[in-house]
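Quick one: the structure is below, and I'll ask about it shortly.
To keep things simple, chains are lettered A, B, C and D as they appear, and every chain counts its residues starting from 1.
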Amino acid sequence: MILTPLTLCLLLLALWAVIGVAGLARPTSLRYVARTLYPLGALCGIALAAVAAVSITWAPERLVLPFGLPDLPFHVRSDALSSAFLFLLGAAAAGISFFGAGYFRSGEGTAPGLLCLQYHLFLASMGFVLLADDAYGFMVAWESMALTSYFLVTTQHRIPEIRRAGFLYLLIAHLGAIAILLSFGVMQGGSWQFTFDAMRAAQLPSGWAAVAFLLAIFGFGAKAGLVPLHVWLPEAHPAAPSPVSALMSGVMLKTAVYGVLRVTFDLLGEPASWWGLVPLGIGLLTAMYGVVFAAVQTDMKRLLAYSSIENIGILFTGIGLAVVFHGAGMAVLAALALIAVLYHALNHAFMKSLLFLGTGAVLHATGERNLGRLGGLIRRMPWVAWLTLVGALAISGLPPLNGFVSEWLLLQAFLFAHRVPQTFVNMLLPLGAAVVVLAAALAAYVMVKFYGVVFLGQPREAALARAHDPGALEKLGLVWLALGCVLLGLLPAPVVGLLGSVTAQLGVGSLPQGASPWWVLEPLPDRDATYAPLVFLAAIVLVVVLTFQLVGRMFHRRVRRGAPWDCGFVRLDARMQDTAEGFGQPIRRIFQSFFAIEREQPTPFDRAPRYSIVVTDRLWRALYLPLAGLVQRAADAVAWLQQGRIAAYLLYSFVTLVTLLALVL
Amino acid sequence: MNPMPFDVQLLNALSALLLLLAFAMLSQRRIVTLVSLLAVQGVLLLAATLLLAWRTGETHLYFSAALTLALKVLFLPWVLYRLIRRLDVYWDSEPLINISGTMLIGLLIVVFSFGLAQPISELASTATRSAIGIAVAVILLSFLMMITRRKAMSQVVGFLSMENGLFFGAMSATYGMPMIVELGVALDVLVAMLVLGVFFFQIREQFDSLDLHHLESLKEKR
Amino acid sequence: MAWLTQILEVLAALVAAPLFLGWVNKCRAWLQNRSAPSLLQPYRGIRKLFFKDAVIAENASPLFRLAPYVVFGAMVLAAAIIPSMGTRLPFSSAADAIALVGLLATARVFQSLAAMDVGTAFGSLGARREMMIGFLAEPALLMVIFVASLISATTALPVISERLAVQSVGLYPSLAFTAVAFTMVLLAENARIPVDNPATHLELTMIHEAMLLEYSARHLALMEWAAALKLFNYACIGFALFVPWGVSTAATGPAALLYAIPLLAAKLAVAGFGLALIETLSAKLRVFRAPEFLATAFLLAVLGLLVRLLLGS
Amino acid sequence: MEFLLLLGTPLAGAAALAVWGARPRAPELNVVFSLATFLAACALTVRVIGEGELIVAREQFFIDAFNVFLVALTAFVGFTTSLFSRPYMRVEMEHGRVTPRRLRLYHSMYQLFMATMLIALTTNNMGLLWVAMEAATLSTVLLVTLYRTPASLEAGWKYFILCGVGIAQALFGTILLYFAAESVLGVEGVNALLWTHLDSVKGDLEPTVLSLAFVFLLVGYGTKVGLAPLHNWLPDAHAEGPTPISAVLSGLLLNVAVYAVVRCKVLAEGALRSDLPSQMLMGFGLLSVMLAALFLWRQRDIKRLFAYSSIEHMGIITFAFGMGGPVANFAALLHMTVHSLTKSAIFFAVGHAAQKAGSQLMENIRGLVTLSPTVGWGLMLGSIAILGIPPFGVFASEFLILTTAMKEQPWATPILLFALGIAFAAIFGRVQPMVFGEPTAKRLPHPPALIPVFTHLAIVLVLGVFIPPYLADWYRTAAQLIGGP
């Protein structure tokens, strides 16, 4: 077979699978599995990213594999959209695999070899999701992805909470999968062809198309963690080993975004304008929900998980915006919004993976996930601290890093939303912009809390003194991802150019060609809004260096070390620092309505006064527990049918018989 | 209208008797009597079969008559009597629905089954077409009996009388089934009887009674 | 020419910022009929600090020492972007209004991180409060800018002020709303009464000062200077959005610069007095009231946006 | 020839094991006979593929595309189950739960059961079909009560009475069928029950009679399929009998019953020219899926759990046949195959798990994967497969069924979605802690027989991603044969 990007991608995915299987050869040997196989997997990832980066500008190409259902062999197809996400997958996976090579230890739970198998099958199945071109192949890859990730989550399966998390995750994933399946069932539109081509060709009545769209939103939203289907996310991410959390949060959630884009813009063809309001509304809600909950978390991985929910919300907001514009026939703005979405997906893959890996390193060095027992690590583990700082600043949407770019693009798109024909909508959209901005600002708050409590200040536990930087491979992984954040931040124009080919190929539209040089990002030349992070950075660095030099020259550089100023309170110690709960307190006050709070406050007369606060998700009680209760009641009700009396059973069949006879007579 | 030939009248009389028997069983509490009633049912079937055989001159009806004699008149009652003696279960306890209520329901069932059989009898070419309704009635009545009884033994009697009803139905609708099927059915009934015999002793040695309320432990409601 | 404007602006900002601060303090003193400190007091303070030896807590990390420079640098860059005298600024292509807000946010984040670095109770307290103010003030500021950019169909600050400047002086209710919102944001962001008291030395009530507790000497000097610059920048943003007249644009030649400078001085004088007036007339809010204050600002800005969309004015 | 072997081997086996069934080597003998049956089935299959439809023994038996793959499947599962039952029954002997006499009964009845099912599948005569079905019940009823525990006796009794009564209805249905056919095919009644003949004239059969007949047949055979609300015997019988029997009951007997129902449906539909039969099937199917899901929710006994899951899947299959049409029929046939493979594999794993834990209560079974990884993973993968998660074959059929339903019967999809969700939560939520978590049970000396488990799972896995062409052709022709609206 000839080597095209598509076949290359398939080969690389197959290679991943092979590496995974190879892990079973010597399942317990850490040197073989971790130090050899994972780096190989990482190289695969780099290769995949390279191939995808090239093929993003190529014309789509197809291939039919000799497996699958008899009338429905697996079709695969690589186009700009899938290439973009394949790049994301490869690039992020490379960093994570490097890290994982040093991270995984043998011990409790799954053996390294089996873990390696699950890990690489997870990667391969994600890749296949992106390449699949028929409903069946897609579903197979999709569910394999869910399954492998479930096994990865439950690595430490002896801990009940982790089992519960895994169960919740797989349950919601499965429900989502069924919804997606039904949506495919609608889209194939009577032609019993389940290939995506047939779906592109099928002409659906608008009502059915809407049904398909909503089903898809539900299904993919369940995987992405849209409110109210987000509950699995903050459970599963902390449960999983850090590289796995990084993969799930950084890459797997994006496959859901990919699915929505594929269905909406490719398979359904012409989405109606009002559809966009659904993901828009849910997205905004999700964004707020996620970030507000992130602000009050005390477990660093839960915090990051909630921040992922927030970013997913922003992504879906962008998708909604793109659909609205597309439906209204505003090609350029639709393209802009879509590019913002793709860009943000890419960014989030890098920064969130980076942060999760950072927490992983901290977790290994200290064995602590609770923010209340960390602190001051920037002195013990400078590498991790400074690299994580990059991620934290990036995800707070601060220039000149990458998080800011996608935010900027999205806001640019929002700014012209008022040109949408429907007055109602164009009244609504600015409020959307306001919420997005608010969420972004809160994200900064969250990240300051996260970084400050974990890495700055004084260590809250004596044990932290023994913490130290991880090994070379881990560092390599972190550096790779941090580099990604920086580059994506500094070179927005070329990236936007590449992503433009995606929107063009999807028929959404494309951005007009500006005359601006490569280092200036100018999406809409007609309104001279420009952003040139390189200049920006150069200027800041220049000023900083200049100031430093001048101050040094004109005056002096003398420094004395002394005890911190204790404001006259004697014996200031680490436990007097602000805690995670304390840092979250303003948010708790302001957004009280979101939370279900149980707090225990000491009275002045307590012998051993203790203060505890538990913040839980209202939705959990408002939605899920009642649902379970409902099913329970129904089950109890039907159980009455089966009382063990044979007479009753005979009566059933008698009644059935008579009824049916009466029916046919 | 010409009067029916005598043998047809006889057949109808027999079928009427069968129906009566079914009601008798429904109302009967003594198990021994139940078994005797079953035997009588067998005899009636035998008579009907022979009559039909003589009338239509179909040889395979003679075979089935022989089968009936061997199985339903002689063997089954014999086995049942022995079981009763061995396990000394002579009485069934009060049925779940009291007798009069059962009777009423039985009447409704008869009406229903006649209505059910109406279209079939219209199509039938046999001399005994009008008996089909009765066959259905017997089947459903035995069903009812199985529902209402509390002792395993009487349930089995109900089961067997249902078998008889089926046999009668087959005969009155189509002068019986093909030979091979007849044989197969007979074999099954035979085996079923043996299995039941084993069963009774197993149940007996477990619960030292054949009361069905011992057999109500496996259930969902708890 | 453009470069000249650029350099001029930055220098002017660097020089005039402390002076502006001094002016505000002077006005306050007058209004509260205290004997006023000299206009140059801020300069003296900064100079004194530069000569001192820096004392740094033992467990302070490099981040702690880096922060002042970054904050200062961010403020200088901001000054380079905001069109205070001329609108033809080479740097302004590097960042539009949104990026400017991002720049200010960067400064804030670094300041807060640095405050948490040493790990004293008050440092993190200040950081928390600063971030709380920030996450409410930042969206409000962006909304303000949105309104302006809706009117002028761009987010590039110089272009905004140009387009606002050329169009006839009309009554823009939306701009009126946003002007109020902007003022509230300015007060909050620059740690002025009613949100924070720049002159306080009672740790429990302070926000901005609490973050600087650990700083001394040149680092403190840079921080103070940066604060002054921040106030100056906000003032200039205000001018660019609401009183954009009199800056030298592409239309008006370089000569315009000659009267742009005094005009700016005049604007600053008025603004400083207004600021002092507000601070004198209002009392400091409890910290927990600050969110409500800023929420009002945010609301006003959004209202301005809606009004703009509804009335097109 | 192959055909005679196919039916002869198990009968001979029954006879032989009735004599030697108590010998120490009896289990191996059992395996040998099952293997021989399987080989005969393979030979037959090959021949049928080669020469097409096959009618033997004065038309009393015939093999067409529909039943040949069921024959092969039955023989195969029968063989693997005998492999599994070898060590299993040994352990039961060691535990003293079965005496040599009972073991003899067990082995001989096992072979007899296989024979009856093969007859039921291959016979052309609706009457013989009935006879074979009844015989299948009779041959298993004493196996259900093998342990002589009160519970097993109760289960056996219910099984016997309910199925007996049900099957009696089926007999009356057959009579009506005969009655209707006789008026068409003439009085030489021998052929009037031959399915091939009936099929050829189904168009002219009297509709009213056929509709009545179909009701009786449906209620009759439906009882054996375990359609709600006629299902009540099923969980008891599965839970109380020895595990190999649960495996074959769930994996094979239900299939055969479904086969019978479908045969009748074809005739009824042909005669009625209305979709009444289809609607009945769909109704029963949905009801079964729904009720089974809700019952699953409150199970504590592991074998009952999977028994109810069988009911659920039978419901799905019935629903699919009810929808009819090439795709749905195809899916239903595929589902029959993968379900019987997967479910029997699960019962194998469950059997070992229960033996290890010494209890069938799920709260007593914990941490299998640490206790004995193979059993643990077998159970886990099996449950995942039965829950319809790809790449296992169950998903393939559910995929087709659900998508078809979405087009043909959209109203039904919410019910299915709901039921599948509940079933997933119920089954997986119970299996997970059994497989994972802290082990409680003790190790057993004997090595579990896991070849059957993993062979089945492997086949199911393969069917999920690749259905061999000839198999696909079988399904297609069978689907054509069944037809539907």
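Criterion: a contact is a pair of C-beta atoms (placed from the backbone, for glycine too) under 8 Å apart; a residue touches a chain by one contact, two chains touch by 3 or more.
None of the values given here were measured: they were computed from a predicted structure.
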Q: Check every other chain and keep only those touching both chain A and chain C; list them.
A: none
**Q.** Per Cα centroids, the chain farthest from chain C
**A.** B
Q: Could you tell me which chain's Cα centre is nearest to the average position of every protein Cα atom shown?
A: A
Q: Report the inter-chain centroid distance for chain B and chain D in whole angstrom, where each centroid is the mean of the CA atoms.
A: 31
Q: Please report how many Å separate the Cα centroid of chain C from that of chain D, as a whole number.
A: 78
Q: Express in whole angstrom the distance between the two chain centres, defined as the mean CA positions of chain B and chain C.
A: 101
Q.
What's the distance between the Cα centroids of chain A and chain D, rounded to whole Å?
A. 44
Q | Where chain A touches two or more other chains at once, by residue number | A | 638-639, 641-642, 644, 646, 650, 661, 665
Q.
If a residue has to touch 2 or more other chains to count, which residues of chain C qualify?
A. none
**Q.** For chain B, residues contacting two or more additional chains
**A.** 116, 143, 146, 155, 215-218, 220
**Q.** Interchain pairs in contact, sorted by label
**A.** A-B, A-C, A-D, B-D
**Q.** Footprint of chain B on chain D - complex, ascending
**A.** 60, 125, 127-128, 130-131, 134-135, 138, 141-142, 145, 148, 150-151, 153-158, 160-161, 164-165, 168, 171-172, 174-176, 178-180, 182-183, 189-190, 192-193, 206, 208-209, 212, 235-236, 239-240, 295, 298
Q: Can you check the complex and tell me which residues of chain C touch chain A?
A: 50-51, 53-59, 61, 63, 69-70, 72-74, 76-77, 80, 91, 93-96, 98-99, 102-103, 105-106, 108-109, 112-113, 116-122, 124-125, 127-129, 131-132, 134-136, 138-139, 142-143, 146, 149-150, 153-156, 159, 203, 213-214, 218, 222, 288, 291, 298, 302, 305-306, 309-310
Q. Which residues, counting only chain B, touch chain D once they are in their complex?
A. 116, 119-120, 123-125, 136, 139, 143, 146, 152, 155, 159, 162-163, 166, 169-170, 173-174, 177-178, 180-181, 184-185, 187-188, 191-192, 195-196, 198-199, 202-203, 206-207, 214-218, 220
Q. In the complex formed with chain A, which residues of chain B make contact?
A. 96, 112, 115-116, 140, 143-144, 146-148, 155, 212, 215-222
Q. In the complex formed with chain D, which residues of chain A make contact?
A. 66-70, 135-136, 139-140, 142-144, 146-147, 154, 157-158, 160, 163, 166-167, 170-171, 174-175, 178-179, 181-182, 184-186, 188, 190, 192, 194, 631-632, 634-639, 641-642, 644, 646, 649-650, 652-653, 656-657, 660-661, 663-665
